[in-house]
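Every chain is named by a letter (A, B, C and D) in the order it is written, and numbering of its residues begins at 1.
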Amino acid sequence: MIEVYVGMVLIALTGMYCMVWKKNMIKKVIGLGIFTNSIHLLLIAIGFRTNGIPPILTQVNADYFAMQAVDPLPQALVLTSIVIQLSVTALALGIVTLAYRHLKTLDTERMNRLRG
Amino acid sequence: MDVIIRNVTKGLLPFIIVFGVYILLHGHLTPGGSFPGGVIIASGVALLAISFGLRKAERLVKEETAHVVEGIVALFLVLVVLFESFARDMLTPTGMAFGLWSAQHVLLLNVVGGVMVSMALILIVFLLMKE
Amino acid sequence: MIVYLLLVLFAATFLVLIVKRDEIAIIAILFSFFSMCYMFMNPEIMVFGFGGWSPPFGIVWVLDKLNVFLALLVTGISSVIAVYSLKYIKERRHRYYTLLCLITIGLLGVSLTGDIFNLYVFFEILSVSSYALVAFFLNEHAIEGAFKYLMVGSMTSLFILIGIAMLYGLTGTLNFADLASKISHDPPYMVALGLLVAGFSLKATIVPFHAWKPDAIEGTPAPIGAIFTSVSTAIGVYGILRILFIFNLIQINWVLILFGAITMLLGALMALVQVNVKRMLAYSGVSQIGYVIMVIGFGTLLGITSGLYHILNNALIKTLLFMGIGIGIYLTGKENLNEMGMKNTPLLICVGIGLLSLSGIPPLNGFVSKWLIFMASWEISPMLTAIAIIASALTLAYSFKIFSAMFLANRKIEAKVPKILLIPVIILTALCVFIGVFPQAGLNMIEPAVNALLNQNQYITAVFGG
Amino acid sequence: MKGFLFIICLIALGGMFLYVFLSPVFGVWERKEVADYYLDNAFERTGSANVVSSIVWDFRGFDTLGEETVLFTAAVGVFTIVIFGMKRGK
């Protein structure tokens, strides 16, 4: 499991770096997406169980289901979180299109300078 | 877009939408549910909008229609989810286990939520595609 | 009761867009205010499980005294703003009212919920509608403010999400009461605590996270600026308090005191040099929240009482000022301090009382909470009292600057104020004077809230026993 | 210089995260009675074979309602920004 956590931390740091350091608005939004997905990875990793099976009951696995199925709660949380992430990204892209239409630039530094 | 994408879209679009509806209807039995199903339906419409242009896709779903349908469906969703709090005893399963009719309220909510998600996404995609 | 309240609010949100009548939203928000008044009268802790499930398995809303006090404040301010906006907003009013209903739902949900992931979801409703409302005027200021706010805000709400994931991994539950009984004070838990507090301090605008606020408020309509500086910050402080409550860490905390003192001084200093009136008030809001954070850091009974009292007073005064100055912007169309001179006696009295109260002049409500804050900080260290008094003096300075620019300028515009804009301002002015003259009335509201905050066992038994 | 400080901060944050994730109390199954309750009872109480679906729409249906509200908010926000922004831009 260590490699999953280390990977999650690396992805999260990449996302944060993109969000803070990049000057292009679209790149900032992409950084936001990367950061969120790393947290989804973390949530799925929390529900991990050795030799786990998906939390879906069938006629075959009914007798050993509760002993082996992975944690279903983080998966539900990830579903909720994905939709929230999607809405935030949609709104961000709407603001970016608006900014491009008005200011004719996607560079945040030039945007600051334009309005003085 | 070029002719290959147009023809492929023409052929694939019904299947994409049927697949989305299948995922919505079987959300309580197989992996999937309201959000994946809604996204699949919306991506079919988005494919149409990309290959044939926004005009053609708007003939299928208008923006205003999507907006109003979204509001009405969301209202219905609120009613059902809040109704669950009072009707715990009525929601015990009655149908055959592992059948399509085994969890009626989850099925209903999956379909309604899927319609809501697909309408919202279609609306957002159309709006962001506008010049 | 909670279900009907939510049903009315959600239904109003969706109906405003379909039916295109703004009155629906106003009636729904007023209804939520009166039902919160009714629930405030109830002396017991109410627990409502959604979906009919018992606490650790389903989502619960817990209405203890602290919650209900916050919800009362939130719905009250929202309903005043809803009435005011009917005239202030001239275009796209249906969409404005939809977003206002959504922001109210978000604020109400964050303050009443008893489940940490539910709190995140409602926090996101609040944030997303805030981003949309910041961009509402669609000019350059609005675009810049909205993009900045969106980036910083979504980043910190992701910090909250990481904190929630850590807490779930460490304890295996999401319910507040269940978390409170399972949490220990080991270092891994403290990391989760730090992330959650950092996430909420963006909404509360504590100093390293304050930069978005003036930019965002510069572009918004004035009533939304009022929501941001008054109740949105109150919700941020409530989030910090609730997290500390779960960790059972309401005690002396030098980190909060340090950041509170810095916020207080920096906000007041920055407010002094601004020329745009909305920016000035935004920095003033930052400064006032500094007081609250500092006294919450004391962890004493007096400290928390004065902190909550100051939240109440700050919400009333900031809403009053933003609305009064909003009338000025509505009439003159200018936001620059040098161009805002006008002549109107009722407005002069209301804004004057608001500014005096903001700087803590005796017979008004700002004085009461500031006096309590000075007393609370004297118990800890006289140095802190001195800092608070310096910040208070700076507040007086910039208050006078606003007043002289608006009413003592040479260039005066004779203007007639529409009644529907003036009535909410007069109501809030009357409330300010009332609390100032009868401070016990405010204290009676706050004491049960403080007791609820200091008594963790009562909360846990109420959730699991009922 | 600024970039260097920023990288140091990021690394410190990442180290803090890893410290929590690798601590022995993190993600241990013995603590998860809530998850066990869902796995045991979801099928009998709701009839849904997919446990995630039953959590999303029944046990924590209110969360999902909030999530759909966020989606609605985003749709309203994008509509406001794009449609009226286009009219304003021309």
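To be clear about the criterion, a residue touches a chain if its C-beta (ideal position, glycine included) is under 8 Å from a C-beta of that chain, and two chains touch if they have at least 3 such contacts.
This structure is a prediction, so every number in the text was calculated from the model and none was measured.
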Seminar exercise, completed: When A-D and A-B are ranked by contacting C-beta pairs, first place goes to A-D
Problem set entry | Where subunit A and subunit D are represented by their mean Cα positions, the distance between them in whole Å | 9
Exercise. If you average the CA atoms of subunit A and of subunit B, how far apart do the two points sit, in angstrom?
Worked result: 22
Problem set entry | Computed distance of Cα centres, subunit C from subunit B, in Å | 37
For this session: Please compute the C-alpha centroid of subunit A, do the same for subunit C, then give the distance between them in whole Å.
Result: 29
Problem set entry | Per-residue multi-chain contacts in subunit D, two or more chains | 17, 21, 26-27, 32, 34-35, 38, 43, 49-50, 52, 56, 58, 60-64, 66-75, 77-79, 81-82, 85-86
For this session: Would you give the residues of subunit A that are in contact with at least 2 other chains, written as numbers and ranges?
Result: 12, 16, 42, 46, 56-58, 73, 79-80, 83-84, 86-88, 90-91, 94-95, 97-98, 102
Seminar exercise, completed: Shared-interface residues of subunit B (touching two or more other chains) are 29-31, 33, 67, 71, 74, 78, 81-82, 84, 98, 117, 124, 127-128
Exercise. When you draw the chains as points and link the ones that touch, which shape shows up: line, ring, star, complete, or other?
Worked result: complete
Seminar exercise, completed: In the complex, subunit B touches subunit C at residues 67-68, 71-72, 74-75, 78-79, 81-82, 84-88
Exercise. For subunit D, which residues are in contact with subunit B within the complex?
Worked result: 43-50, 52-54, 56-58, 61-62, 64-65, 68-69, 71-72, 74-75, 78-79, 82-83, 86
Problem set entry | Touching residues on subunit D, where the partner in the complex is subunit A | 3, 6, 10-11, 13-14, 17-18, 21-22, 26-27, 29, 32, 34-36, 38-40, 42-43, 49-52, 55-56, 60, 63-64, 66-68, 70-71, 73-75, 77-78, 81-82, 85-86, 89
Seminar exercise, completed: The residues of subunit A that touch subunit D in their complex are 1-2, 5-6, 8-10, 12-13, 16-17, 20-21, 42, 45-49, 55-58, 65-66, 69, 71-73, 75-76, 79-80, 83-84, 86-88, 90-91, 94-95, 97-98, 101-102
Exercise. Along subunit C, where are the residues that touch subunit B in the complex?
Worked result: 3, 6-7, 10-11, 14-15, 17-18, 48-52
